[in-house]
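Chain naming follows the written order as A, B, C and D, and within any one chain the residues start at number 1.
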């Protein structure tokens, strides 16, 4: 209920605040026998780490993961896998000025309304730092999916008005530019746009796209726990996401049935395939055997150093300038988070599917 | 796990196939003391009933709901509320020709992949008829929300390229035209478009928008069970939905932080309010006290009578023409389903919130 | 939360009151492909039906089950199986006198405390009639277990001071006497005891024992969802059960480790077996491959026609005589309920176990 | 599913093995605003710590708890409370000889059957050390219950044949003798019995009794999640428990209705009370406002240094002598575990009850 638990079979529970002792997660339900070590997880955490470019916060977190349980002689035991990342670079003094003020675009007012008070240091539980735990768990889900021949890949599709050109799409390029765009030209343009925003003390949003290859047909439960519904929840649970699409997404609203339906045909190897993929790999809530495609729209970072109108806890109008250390765009760092939430969702439904038939 | 259960505190489990004995739902967790009778529920079912205009299937279902338990002397008892709608107009003969063929855009292939076989009569469990149960449960959720001063309202925002004009917005008009659009002019234009599609044996998609008024601040759980995440799952679990937005949705990806942040201010009555609502009433996964706004993109009805390429269960390429009785657009009938799924989600999180504080 | 849901993978939700329209259950999570019809379920319901002997209530309920969904062409489809038994013999007038009085030994006071009021007709939701739904669902679980070579068998072990003699144990005898005791001699003695109690307007309790054969080793989850813990919850959730034992139960508290430990040995077929079964087939919360043995202690029927001291809703001391139609002992009719709850538990954990390993 | 999660609203997930890096637990769902520090938790852990008497294992664990999240300025924030106890005294060499042998009375064979292999160091996940996490979480539940005026108290009722005398009952005495018996005389007798068993390389079982005072009427859900059913699951999930009773427990099977029913009467303050408490404070699965009384039967410690017959992983008969460091009786150390599991259960259902009424 309290909402820090995700999944049913492959179930994770996360904990930790941006300025507490650390961030952690426990996975209750990873099948036994999966080879696993910290080396499998650390690269994912490194991808979301701050301080890696001018477009990300200057905070320095080593973000070293420690596996605390559930792995014995290099393999998962079937019992809970606990992992923890200690917080190291906490500067609580940065946050004193927001203690009694509700930052626009942030969860501050909601926390006070819900709990009566809040941990005001760096957003506490609603900090982007919370995603560290998702990434640690998601890395394990990715390893599990890999065992079943499934690969999840995300990248930045656009920042502001600057979107990648499908003709220049090169996934290898994603890891070469600080914006994690699979299009070097677009990355340069978007970078210039961000530079201008930084000067203007402003921030940008963008779109992350994610694909999953190798998902067999039939994954997802037909009514409420549809694969797309579960993915939507997973992705929308990432702070700052305001929109979600599967396949052609909102474009389908303007299409005709004859355009949007994907014809089936028998492939050379005798399997069933589709000659198009408007569905984004999901029909009736179950995977249809083709590539799963989803997109998430991220809002611009709400922490900007421009002056903004707001109110304080005493019920007075006031202004705020949020200085601290904030990303002018969080979209590039969110790429691995989207991958991980997608992997967690598919892993859970893949395991659930073991009970579908006699 | 099997995915016909929704919600945690206000938990519903649905059952039934389009061509079985009926459709039903049990609500386990409605608080005791709520006045409730079939008269509260039937109007919602009537809104989704087929056969009401030229744009909906000619099937005739009386869709009369029967409350089987959980209500005593006109009030809910706190124990499970079971409800059932008997199926009446089933013509199984209509579906013989699709028994061994996978309809493009449908769940047929997924069902066979998942379970090894399927109830091929009218889509079985993946039929739109399944939403009857959601609406019956959702009507109870709406009654509960009403008790707390919360009202959920949905309407058709667009069909194909035809979108409502905000200047002509009139919610009363929604119930006067068969397309459930709150704009009479747009409804006429969209109606002409649909008439052309019917001639062309084709179908249309569209967008439903839904607002919730009166939701207090702080509803929703901060991490995985964010209010927007739960709404996304609820709405994406409706068959044919391919996209979901909260507030400004995908538009935020192109906005700047200074535009997208909603300033807070103290209202005349001393409460906290916002001077804009780009957030769609949700910040950090919790309601912020303003109107909740969401949108769902529906794909065009996949059942079209045009000839389509597909395959059969024997692994052969073939063609299909789906005659039967199908809506050229399902969007108008989906309005009440979106309302109901929204109400179910808010009701559940509203009750969960009772445990947030000492 | 509201507590009418049982199980995780093989999940059931029940509904219905003793004097409402009927009793029902939905199973969300029965694997597809299991042959199933009403003929599989009705015999279980017949075993718990009232009116079959002088020791059971004279109420006449035909208790005919109707499968409403989830079965197609004689097999389960993997989607929810809804079942319903209509109530037929309801005499609400019998209960008018208890409307404002709390019956000793009953849930009346708890219901009022919890919900503010209650359905006072025949106990409403806390009536023994609620177990009809458990039995319908349990019959499906038994069918599923049968597919996996597992058989669950319960019987009356004792009534009052009269316990069966292990030397006379004959399971076939269980179905020949109205007390469902696998010992004809004991059944006669216990029957005479009950006849005396009926004369004295009093009632008796007893013990039901249940065994499960064919459960493979490793079923049950090691920490909180131990097989014995889940069985305990299942059995203690039957009204009137006040004690639960696995294997030697309370006797182990007086044993020494050297007596209580069951030695392992290699069987002729090379499998691992135990040379004794003090553990009752469960070690460390997981099945150990031997026969699972459990016992439940039932209290005497609280509804007795003797005068008892109690209070009413107005806060006054008063007396009550409960006439109506009540079993002087419910233990024989509870046998099939214990079997069914045991089967539901094992079925659920058996399916869960599919996710234990890669 | 994987069974290391307990509770619905007050939900805990535990992790850790006896010979891993530590033991931990996360509580997702503790209401905000509860004063909490490590000083509230440590005394509970100290009560279960080994090495405190000749009757407990000589292992030395400091068992210092660290709160990692969820507490800010001395109060719970409503977000997850993570806690950890580092393992310090691990001697893996002690366990090499049991690597390939199944210890009688232990979970070894079950683990191998379930997962294909196991962490053989000290029982891994099925070690009694796992209860450290339960106690840490339970201490928080106790603090929460205290806020609502509820107190849970457990003690050793018997060891072997030596049971406490109700006439000598003195709860203060419980903390003065190493057997945690509220009867000094009985503690001496039981101690002598244990001394003889130690000489004989044998072990003893016993019974723990637990009472909860101050639980208001109406807690517990009427059907499957009855208060007694949930308590049964909680207590039976403690390793070594083989029997569970509420109130008069198994004795009710021999009682008559007229003896077993507890009459209600109006107390001087106008409240409803009972003149006896055979029910153990629970009727129809809900608390009835009187003292809750439960008992758990613990089997003798299975690790004994006598030679025992068993088998190894290669399918051969063999013998085993388990030397290591083991408690000749675990019952005294289990007292606080029973208290904590009882508190966790009541806390969860108490919170759930907030949603019972409008």
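Everything that follows uses one rule, which is that a residue touches a chain if its C-beta (ideal position, glycine included) is under 8 Å from a C-beta of that chain, and two chains touch if they have at least 3 such contacts.
Heads up on the chains, UniProt names are A, B, C, D = Chorismate synthase.
The structure presented is a predicted model; accordingly, all values stated were derived computationally and were not measured.
Colleague: I need the common contact partners of subunit A (Chorismate synthase) and subunit B (Chorismate synthase), sorted by label.
Modeller: Intersection of subunit A (Chorismate synthase) and subunit B (Chorismate synthase) contact lists gives C, D.
Colleague: Does A-C or B-C have more contacting C-beta pairs?
Modeller: B-C
Colleague: Which option, A-C, C-D or A-B, should count as the same interface as B-D once over half of the contact pairs match?
Modeller: It is A-C that repeats the B-D interface.
Colleague: Shared numbers divided by all numbers used: is that above or below half for subunit A (Chorismate synthase) and subunit D (Chorismate synthase), i.e. same or different?
Modeller: Subunit A (Chorismate synthase) and subunit D (Chorismate synthase) contact each other through largely matching residue numbers.
Colleague: Just curious, how far off is subunit D (Chorismate synthase) from subunit C (Chorismate synthase) if you go by their C-alpha centres, in Å?
Modeller: Centre-to-centre distance between subunit C (Chorismate synthase) and subunit D (Chorismate synthase): 26 Å.
Colleague: Taking each chain's centre as its mean C-alpha position, how far apart are subunit B (Chorismate synthase) and subunit C (Chorismate synthase) in Å?
Modeller: Each chain's C-alpha centroid was found; their separation is 39 Å.
Colleague: Would you kindly tell me how far, in whole Å, the mean C-alpha position of subunit C (Chorismate synthase) lies from that of subunit A (Chorismate synthase)?
Modeller: Once rounded, the distance between the two centres reads 46 Å.
Colleague: I need the residues of subunit D (Chorismate synthase) touching at least two other chains; which ones are they?
Modeller: 1-5, 8-9, 14, 29, 32-33, 78-79, 114-116, 125, 222-223, 355-357 - these are the residues of subunit D (Chorismate synthase) that touch more than one other chain.
Colleague: Over in the complex, which subunit B (Chorismate synthase) residues touch subunit D (Chorismate synthase)? Could you list them?
Modeller: So the residues of subunit B (Chorismate synthase) in touch with subunit D (Chorismate synthase) come to 8-9, 29, 31-34, 78-79, 147, 222-223, 351, 354-358.
Colleague: Okay, in this complex, where on subunit A (Chorismate synthase) does subunit D (Chorismate synthase) touch?
Modeller: Within the complex, subunit A (Chorismate synthase) touches subunit D (Chorismate synthase) at residues 1-5, 8-9, 11, 13-17, 20-22, 24, 26, 28-30, 32-33, 66, 68-70, 72, 75, 77-82, 84, 114-119, 124-125.
Colleague: Would you mind writing out the residues of subunit B (Chorismate synthase) in touch with subunit A (Chorismate synthase) in their complex?
Modeller: 1-6, 8-9, 14, 102, 104-116, 125-126, 130, 158, 160-161, 197, 202-207, 216-226, 228-237, 239, 241-266, 270, 272, 275, 278-280, 283-289, 297-304, 306, 308-311, 315-317, 352-353, 355-357
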